[in-house]
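Two complexes follow with subunit A in common, the first pairing it with subunit B and the second with subunit C.
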Partner chain A sequence: MTANKINRLTEIFTRHEKIMLEDWLREQLTALSARQDLISEPDLCRQSAEFLALFTPACRSGSLTDINSPEWKPVLDFLASVSRSRAIQGFSPSETATFVFSLKQTLLAHLRKELGQDAVALADEMWTATVLLDKLGLYTTEVFQKSREEIIKRQQMEMLELSTPVVKLWEGILAVPLIGTLDSSRTQVVMENLLQSIVDTGSRIAIVDITGVPIVDTLIAQNLLKTVAAARLMGAQCIICGIRPQIAQTMVHLGVAFGDVVTKATLADALAYAFRQIDCTVIQQAPRV
Partner chain B sequence: MEQIPILQVGEFLLVSIQVDLHDRLVLRLQDDLTAQVVKKQAKGVLIDLSTVEIVDSFIGRMLGNMAALSQMLGAHAVVVGIRPAVAITIVELGLSLNNVHTALNVDKGIALLQTLVKQSSAEVRDEAYPL
Partner chain C sequence: MKPTHFEILPLQSDEDLVQVRQKLRARMVELGFTLVEQTKMVTAASELGRNALLYGGGGTARLESVEDSNRLGLRMTIEDQGAGIADIEQAMTDGYTSGSGLGLGLGGSKRLVKDFELWSEPGLGTRVTIALWK
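And now, the complex of A and B:
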């Protein structure tokens, strides 16, 4: 019985490979009619042909119910690569799964043509085909989801790296321009970067510029104060600057205060204060005539 | 028994902690330090933590205590060489060590002590001979 089953599905695939590929392509093109900007027809054709070329031998040699068997490995690998590339190209999960599910309609149509009279055999074959294609489709979606998660994770890491630079303004003066909200994990990164830079440059002053911080609530203020306290333990004085008028008002309303930390309106004011602290003067030359 | 050496450098005392700190050791250090400050009539105390990797809440508190004790005995205290990881730990423990002076390394700590001593002696002069 089982051998029979395998033979029938495989038979259909081997005999009608050309026609099935055409039918399947037509199905896909109608389903993806709106997404022709993302993938070209020749590309889709190549992917489909390659899939069928791998699918048919897998059907012939392997079990039709267990896609985890080694015979199905090349098919799964190919599906994973298609799914991954589609995740990067910007397809939606259902559009990606359609790649496999659209084969179902073609396959069922051919099955009906072959086994039209034998209702029992037809039902059996349909069930096997459906289960198999469902499994493959779900696998595609799973890989798609995973690759999307990888992309998100990578972007998060990049953002974390990008948004926390520590720059040396002058001998003994560091600046930390903060952009974006300051949650606990980012505070940790900022703190580590700042403290390491203090050690590396031997700086006495650190200017924390919060012009790019959209909201300052009690939690963010506390995180800032932690950073200031840690820098102080390393022998560096912190100056907080770039508090926008709106934010200053909100902070006063909330009762948030930076305690005895020096605060300045702009980075320029903070730098001038820092120069005074390290006994450095900037002199405006008389204009040249 | 283990002991942390207290070295005299000019009119300052240098405490360089180079072993893992544990509670009893810190308590003993506190006793030794107060005794030495009085005996040597030190003007300042430097506590060097540059090789200390682990600080717990008790040791963090004792650092504050030692600084306060030194101030009480007339010596300025500066904690120097705190590592970034240790600084973060102390802050996360909720110990801000607000009353303790800090510096990046021993060199800068000595410079800071010198300015602190100069300031306080100027204050004393001002009080003795008011204008």
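And now, the complex of A and C:
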């Protein structure tokens, strides 16, 4: 019975590979008609041919019910690479799964042609084919999901790096413009960057600008204070600036205070204060006549 | 007071907390709350949400628009099934913490919003409801 099943499906694939490929491509092109901006027809053709070239031998030698057996490994690897590339290209999960699911209609049409008279055999074959293709289709969705998560993680890591630059404003004065929420992993990066820059530049003053921080709750305040304390231990004075009116009011109600840390409303105020601290005077020149 | 629109958000990770803050702020902007009111409510939700994450092992945040005879409001209920709070009075005291925070979250949140209701049962969990009215 099992041997028989393998033979039928494999037979159809071996005998009609070329026609099936054409039919399948037509199915895919209809389903993806709106996405031709993402993948070109020759590429799709090449992917489909490659898939069938791997799929047919796997059908011949492997079990049709267990895609985890070693015979299916090349097929799964290939599907994983297709899924991954589609995730990067910006396909939706269902568009990605369509790659495999669209083969169903082609396959079922051929099965019907072959076994049209034998209803029992037809039902059996259809069931086997459906289960097999469903498994492969779900596998592409799974890989797709994982690839998306990897992309998001990578972007988060990039954000982490991007959003915490330490800039030198003047000899001996550093500034850290903070943007977004200071959750614990970001604070760690800020602190490390700042302390390293203090050592590298020998700065005495670090200005922490929180204009881009939407809220300051107790954890964020605590994290800021820890950063300030660490900088202080290294001999640098911190100034916190960019405290907007709504943040100031909220902090008062919440009961958090920055203690003896110097705070200023704007970066300009903070810079003016920093200049005074390092005995630097900025002189407005008389207008030239 | 009847709810007109509600949404239940998960609170299982820091990312969920970010989501809760963003959804809450978006609703408040929609309802026309001022910037100060937005910041106060979002800060309070952030405090309570973090408590649920850190001490309650995660939970849910329910965001609802409410309406009574002559005013519109926004209510948030943050709930966890954690250890609960044994001594509520002590927990509400500024400077007291059972963890490593500043110990200002609960008392501070109460000062930030108009309505604050805390229910907790040791072993069963904690539920805090906060609301702000226009």
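Here is the rule we go by: the second predicted complex is superposed on the first by the 262 of 289 C-alpha atoms of A that agree within 3 Å, B and C clash if a C-alpha of one lies under 4 Å from a C-alpha of the other, contacts with A are read in each partner's own complex, and residues count from 1 in each chain.
Rule of thumb we're sticking to: a contact is a pair of C-beta atoms (placed from the backbone, for glycine too) under 8 Å apart; a residue touches a chain by one contact, two chains touch by 3 or more.
As the structure is a prediction and not an experimental result, all values here were calculated from the model.
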Inset, instruction - Determine, under the contact definition given at the top, whether A:Asp183 touches first (subunit B), second (subunit C), both, or neither. - result: second
Inset, instruction - Check the residue A:Cys59 against both partner chains and state whether it touches subunit B (first), subunit C (second), both, or neither. - result: neither
Inset, instruction - Using the superposition on chain A described above, determine whether A:Glu192 touches subunit B (first), subunit C (second), both, or neither. - result: first
Legend entry - subunit B versus subunit C as contact partner of A:Ala97, first or second or both or neither: neither
Inset, instruction - Would you sort A:Gln222 into first (subunit B), second (subunit C), both or neither based on which partner it touches? - result: second
Inset, instruction - Determine, under the contact definition given at the top, whether A:Val143 touches first (subunit B), second (subunit C), both, or neither. - result: neither
Legend entry - subunit B to subunit A touching residues, read off their complex: 79-80, 82-84, 86-88, 90-92, 96-97, 102-105, 108-109, 112
Legend entry - Complex contacts: residues of subunit A adjacent to subunit B: 188, 191-192, 195-196, 198-199, 202, 204, 226, 229-236
Inset, instruction - Could you please specify the touching residues of subunit A with respect to subunit C in the complex? - result: 181, 183-184, 214-219, 221-222, 245-247, 249-250, 253-256
Legend entry - Parts of subunit C lying in touch with subunit A, wherever the complex brings them together: 14, 18, 21, 25, 35-36, 38-40, 42-43, 46-47, 50, 94, 101-102, 104-105, 107-109, 111-112
